[in-house]
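One structure below.
Chain IDs A, B and C follow the sequence of writing; residue 1 opens each chain.
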Amino acid sequence: MSILARVVQWFADPAHWTGTDGIPTRLVQHLQLSVESVLIGAAIALPVGIALGHYGRFGNLAMNISNVGRAVPSFALLVLAFQIFGLGDAPIIISLTALAIPPMVTNSYVAMQEVDPDVKDAARGMGYRELAQVLLVELPLAVPLLMAGIRTSALQVVATATLAALIAGGGFGRYIIDGLDQQDYTKLVAGAILVALLALATELGLAAAERLLVPRGIRLLRAPSARRVTYKAA
Amino acid sequence: MPGHLFLDYVDPWINWDWLSTHVPVFLAALQEHVTLTLIAVGVGLLISLPMGVVAHRWHALRNPVLTLFGIFYTIPSIALFALLIPYTGLGTLTAEIGLVGYAVLILTRNVVVGLEAVPNDVLDAANGMGYRPLARLVRVELPLALPAIFAGIRIATVTTIGLVTITAVIGLGGLGQLILQGLVENFHTPLVVATLLSIVLALVADLALAGSQRIALPWSRSA
Amino acid sequence: MNWKPRSALLAAVIGLALTAAACGSSPSTSSTTPKGTITVAGFKFSEGSVLAELYGQALQHDGYTVTFKLNLGSREVVAPAIKSSQVDLYIGYAATDLEFYNSSAGEATGDVTATTSKLNSHLQPLNLVALNPSSAVDQNAFAMTKANSTKYNATKLSDLAAIGGQLVLGAGPECPTRPFCQPGLQKTYGINFKSFKALDTDGPLTRAALKNNDIQVGLVFSSDADLSSLGLVTLQDDKHLENADNVVPIVRTPVATSEVKKVLNAVSAGLTTADLVNLNSQVELQHMDPDVVTKAYLQQHNYFS
């Protein structure tokens, strides 16, 4: 039987949809790790990037932090986290958060920098104070690039979370790592497909979120997101 | 700050004695790492340039190709490497097929985007001057697309350096082997030093490429 | 438009890539031996590296060029590699290897000679051969923390039968399919664990999980040296689930020349369980390198020649 047929059979097997090693359980684990990491990362990265971009300070650092972040090998980061923090979700989330931060800092910095200075002037002229200006005027205009950063981070986190299985983590990576260890290629391929599907779902979900958040006028003017920082860490 | 996991032996983060007797091991790993990366990016470029040109030329292909590539990009590299083993074995070839693949995904996108960024006026002027399509491509469009392509090379290089460490899980990996050794033996030094070397390698490569870009394309801002 | 810097750069990059490829493919060690290259694979646990280095260095001393592929994986990964000639030699364990190659038919016994010869009957069609087994033994063992052993009043594996449902078992991902691991515990002892957690094979993940009480029973090896210092106790295998897991080199038949066999058999003959535990102790407790401790050991024994 071809491997594809076996994979289809694997998905059709109800045993793979229940229990501690079942698809729903692994999905929840994978999502939990990913969502928590991106949220915590965003909570740290977005304010920093937005502030830096708004004031136009430390541009070089903000731009280059993506390069540095991309240079950190994710596999090593996870192993280091295990050796420092031990087992459990904490080392995984800490590593994934560290990987999620750089693209969001860079993209939010660039996003705020790209806001038309005339618009900022006009807002200032209309009497907007600093925080209100940022929140009500600049941020909505910055949303496309900001979301591009969040999408990049989220995709990368979802992909890298597969490596968490190397330090006893859960999620779809378990199918891949266990499949490799057991030479069970059906499980391995199934795991890879599940991760790819989850990544696609993440991309589509965030694209939908972006559509909701981007002001209608900007959406009509949208240029192609050619500036997206592509990322692959796992 | 020494790391004490749970053994009586307190394992410092960098054991300089051990390190000083293992310099050749690190150098060999570094060499393997650099070699794997150069081959991947070099071959990736050779494949993605024509591929990007084709995708740009035939508009109908542009979105399907980029979307398809985007989908393949989401496949975890460890799965891809593992899947290749029964067919291509445990050697450099398996690692390179995967690494070249991901490099092509990154580079093709940047080639396409770079070509798209060429202003229409320039194309018109070139046509007006009598350039035929191939000459126009080579002497006008590609040079103008170089900033984006260079950006892609930088990203692909740094990304590849990171992905090489993952090939350790299938018996290769350059510096990744030392990371794996650190995990299996619960030993900090090879892990810490290999990680630092990997980061330094990536940053040096990125800087070198940025510098080369400034030399080769003096008119462009680095992307 | 200034061509020169760009073409020069392009030529330089291509040249660099080609040079790197050429450098990468040439042997990194100068080989003056006419005896050929042997690739040794090591399992993904520290004793795997110790044994691979031990036998590999003996071959090196005898003039062979040896390539090491350490931490390659479990037997599920190493066996296909040797079957497809990607590696030439790995150091196995007689009973576990027999049950692996006979698809868990249950042929292994405590008699190492019988076990090894049955193993060879299964290896022969695969163009592999098991050499002389060593007297050094390393079997699966199951450990609990001292605290849990007291808490559950468990000193032998049969004590776990009644309380299996309260306990989580941790081991490498291959354990649920290995006759001397989870299925064996169920069949021989009637232990049905609450759940299984895939960690690593006798590595730091398993030890950390035991310490955190994420698992109550963990797979370790009988030749481990660090267990008591970690506060772990092994449960007695009172119903003899584990069998003759003597260290035995498994080689591809074309590589098993009389010279190679002589070298490897000499090492096997000299290696004892105490030696193995001692080597493991230096690696696990004193954090010495596998290749360093095996070299010292071989020199001490004059390479068994």
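The rule is simple: a residue touches a chain if its C-beta (ideal position, glycine included) is under 8 Å from a C-beta of that chain, and two chains touch if they have at least 3 such contacts.
This structure is a prediction, so every number in the text was calculated from the model and none was measured.
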> Computing the C-alpha centre of each chain, which chain sits at the greatest distance from chain A?
Replying inline: C
>> I need the chain pair with the most C-beta contacts, please.
In response: A-B
>> Quick check for you: compute each chain's CA centroid and the global CA centroid, then name the chain with the smallest gap between them.
In response: B
> How many Å are there between the centre of chain A and the centre of chain C, using C-alpha atoms for each centre?
Replying inline: 38
> How many Å are there between the centre of chain B and the centre of chain C, using C-alpha atoms for each centre?
Replying inline: 33
> Just curious, how far off is chain B from chain A if you go by their C-alpha centres, in Å?
Replying inline: 20
> Which residues of chain B are in contact with two or more other chains?
Replying inline: 5, 86, 168, 183, 186
>> Residues of chain C that contact two or more other chains, please.
In response: 73, 80, 200, 204, 208
> On chain A, where are the residues touching two or more other chains?
Replying inline: 82, 86, 167, 177, 180
> Can you list the chain A residues touching chain B in their complex?
Replying inline: 67-68, 70-77, 79-80, 82-84, 86, 155, 158-159, 162-163, 166-167, 173, 176-177, 179-180, 185, 188-189, 191-192, 195-196, 199-200, 203, 224, 226, 229-234
>> Under the stated contact criterion, what part of chain B meets chain C in this complex?
In response: 5-9, 11, 15, 18, 22, 28, 31-32, 34-36, 38-39, 41-43, 85-86, 89-92, 139, 143, 146, 168, 171, 177, 180-181, 183-187, 212, 215-218
> In the complex formed with chain C, which residues of chain A make contact?
Replying inline: 20, 82, 86-88, 165, 167-168, 174, 177-178, 180-183
>> Can you tell me which positions in chain C touch chain B when the two form their complex?
In response: 1-2, 5-6, 9, 13-14, 16-18, 20-21, 23-24, 28, 44-46, 49, 69-73, 80-81, 84, 86-87, 200, 203-204, 207-208, 211, 226, 229-230, 283-287, 289
> Okay, in this complex, where on chain C does chain A touch?
Replying inline: 73-74, 76-77, 80, 172-174, 177, 195, 197-200, 204-205, 208-209, 212, 214
